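Two complexes are shown next, each including chain A; its partner changes from chain B in the first to chain C in the second.
Moving on to the complex of A and B:
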């Protein structure tokens, strides 16, 4: 059980127009966010520029979200942090997406002991709660982005393995695969040329939802002090920074947290909408 | 239970247990460089480092170290905390009660929230209510537990004063009050998964012939839902909860830390931050074994309750 079943859950055709509405809304929110993240630095001060004469300032026309305890512009920092988290969320998943999909295809295709070995290793990885695994890795690799990349690569492949394994399994029952095998094509050719093109959409749409999980865990680790280290703006680190001023300037804690929720909601809706489209196609 | 699929599950769980023991043992050896140096940090004196090397037996052959680790672990000896000088097992036992209470409260709250939501959605698949129930928890996927916890503390503890801002203890009633907000955070974090699965299970149960038969006999709709659909969806509900136990336990690490609950999760986070290796290793081992145990028990219950699974094909998780 994972976000896979959550995202890959289809709707009836009667409700299709409304689903497209969600998809459009999700894409619109993401485009606005992207525009803000890319254009923001042109209008706002640098996210790391300090102004000690203007600390913890309330929102104004110059700093729409005010300034933090070092006089840095909060909006600029939140936008820079969204950008960082999005980049981490997407790039960290590239390796597990590929390794998981390949292992899943291999497990389904070869079956037998290969399938068993891959299955047991996946069980072991899943026996460690996600945050425990990441924390332990952060313990060894030290705080920083590299721990997050390694941890995600070590954990996230399991979902893709399970998805692709199931997809390849059902593809192998299909006539076009049987025909390709019957025509005498080699196993690797059938797998790469006939099966994979028909099963790659499911892991990809799942990855969109998975980005949310990576972003939330990056923020969580940074909040705990084992993720991204200051002064780099990261959403979880910003929440942790702002926490001590929560009674004076709640915005310092609220804004970065809401940013995670907003990014997460848009991506989750996008993933959900995409997977429904894939299922209906 | 001599069903073939049950035996296969059991065998697989045993292999997983063996691998978990090996992996937790190897934790310390995957670090590049000297593990003792990694634990003590760059400021430690060479003497302190070599003393710790001695204490952890790091200079002995790997196999001897492993056998040592295994024989101690089997006897319940998980080493001694570097920071506190107390045995890891006693630390863990001392901190277990709040965590067990938190996990139980979260599980109960999850069921209490999941069942009506899933029933509401499953009643008319494709309706507006169904859509709302399926979309809103999806938004919760991006809700960071630590931030949600901070918001709840600000609103319900600091402003309204309904619940304590953190901590645990005093009378059982006080402890229970202290657990309301933390349990809510953990429950909400797994709600997207549980609602979705239970909804599917209920729709499937509602499609069954005996439900159609009951309807045809003129049994009122809510009674059909309660008597026929609910009962048949109860098993999947328990299964979903069991399989999500790992995720739930993982979230308690964060939640305990934010709410300052002196449980195992907070202990693990603190041990990581203070680089107390034996504590991290011991807790990782115990938690992983518990998760494997819960998953196995869940699978066995499912196989035991569903005759179709006993001999039939593996079902996909």
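Moving on to the complex of A and C:
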């Protein structure tokens, strides 16, 4: 690590970003996962194709992780589930990332009653137990992906609001923002050109780690039976389904469980690596 | 308290920390409203809620050159923005003006596309002065503009300010706790203590024949300065600074 850093410093370029080890490791793991998720379907049977003559088969050259109680290929299902969870984790966060950041910027910028109202609403949302909130929502919206999206959008914005609000507050004290105000620039120009470009990194790096939270809650909800509906493969649902057969075919539960851990760890590393990279920049 | 700055004059404000120097600077530059009293330019009252045109007339140079430039903007972008926003040059002539500005403050043109973190403290302070000059202000408020810089670089920035006053006829309100720097640069000086002006007058009068006991006390507390009373003939005589 230090040898690599020294070698990179010896180079002439001052602007080329030097990636830290955590970030490199995270990117490597995610690339391998992505390659497996994208390439898997070419060689493996469809994750929903049943073969009732070949149920609960042990690992073989055809099915590397064996088959489940309906003869479906376990590896194909785990890969499809990783893909689904990653897509849900990322897309579900887009709305709260944007709304939370805008509300935070607005609260810090305008202050006064706007700040008060946003703060109180955030406190109310945060005071509610997260899973209870999602379960109640799922009860009203029905099980399925849409309730996960709505629930995440309704809850996750609070973190982004708080992060951006604090960042904008401290950015407004910076001399370069004061200089922009002193130059007679309009409020929107100061906010858009001088404040926000210097605060967007923090919510983005946080979002990367937040994807893990969404994936785990998607898995939890599906495990509880209110998330993704069968037969769509989802990691939490796979763990839950496999439990019945844990004594015969432990891989049915262990494989998707390990996948959750792997995806979560890779994303957490990515978040750590990114924030360290941002701090150094 | 009352103090006036004539055109083309550099007025120093000295006093210990907490004496109200920075508050004074911020009132004049329009960042806060004075608890009592007014700031006037050519008889026109300027509050903190002033419009863009009034803001343009007073520009500020900040103490910490590491915090006063937007880290995401290159020197060129930083200097273009005020010129464009205030429409000070025709669209096709903005680039020319930006080069003029860096020449004026003695910053090499090859730094135009650098971001602040690629510049030394002295270079940043030059860029920051150029940004203030971009608006062609009548008054420049410099709040301890050299106290965060190396001694050799300090002299260069001070000479730059004196030079700008001579060439542009600008008035400069120079806030400093450094008596030696003020006596080197300023025409007149205002001594502040606990939010009040205790003494004011020409630099030589005040520093050589102080009348107020506080001024005497302040002068007595001055440590020997590396080039006190002797403006360096060339920066090379001071401690060499590798970053310049």
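Note that in this section the second predicted complex is superposed on the first by the 262 of 281 C-alpha atoms of A that agree within 3 Å, B and C clash if a C-alpha of one lies under 4 Å from a C-alpha of the other, contacts with A are read in each partner's own complex, and residues count from 1 in each chain.
What we mean here is this: a residue touches a chain if its C-beta (ideal position, glycine included) is under 8 Å from a C-beta of that chain, and two chains touch if they have at least 3 such contacts.
These numbers were taken from a predicted model, which means no experiment stands behind them.
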Three-chain arrangement built on chain A, chain B and chain C clash or fit: fit
Contacts of A:231 with chain B and chain C, given as first, second, both or neither: neither
First, second, both or neither for A:187, with chain B first and chain C second: neither
Partner chain in contact with A:111 - chain B first, chain C second, else both or neither: neither
First (chain B), second (chain C), both or neither touched by A:197: second
Which partner, chain B or chain C, touches more chain A residues: B
Superposition-derived minimum Cα distance between chain C and chain B (Å): 19
Residues of chain A at both interfaces, chain B in one complex, chain C in the other: 14-15
Residues on chain C engaged by chain A in the complex (per definition of touch): 29-31, 51-56, 58-60, 62-64, 67-72, 81-82, 85-86, 118, 128, 131-132, 135
Contacting residues of chain A [partner chain B, same complex]: 1-3, 5-6, 9, 11-12, 14-15, 18, 22, 116, 119-121, 123-124, 126-132, 135-136, 138-140, 162, 166, 209, 212-213, 215-216, 219-220, 223-226, 236, 239, 243, 246-247, 250, 253-254, 257, 260-265, 267-269, 272
Partner chain C, residues of chain A touching it in the complex: 14-15, 174-176, 178-185, 189, 193-194, 197-198
Chain A-touching residues of chain B, taken from the complex the two chains share: 12-13, 15-16, 19-20, 23, 27, 30-31, 38, 125-126, 131, 134-135, 138-139, 141-147, 150-151, 154, 158, 192-193, 196-197, 200, 240, 243-244, 246-247, 249-251, 253-254, 257, 268-269, 272-273, 275, 277, 280, 283-284, 287-289, 291-292, 295, 316-317
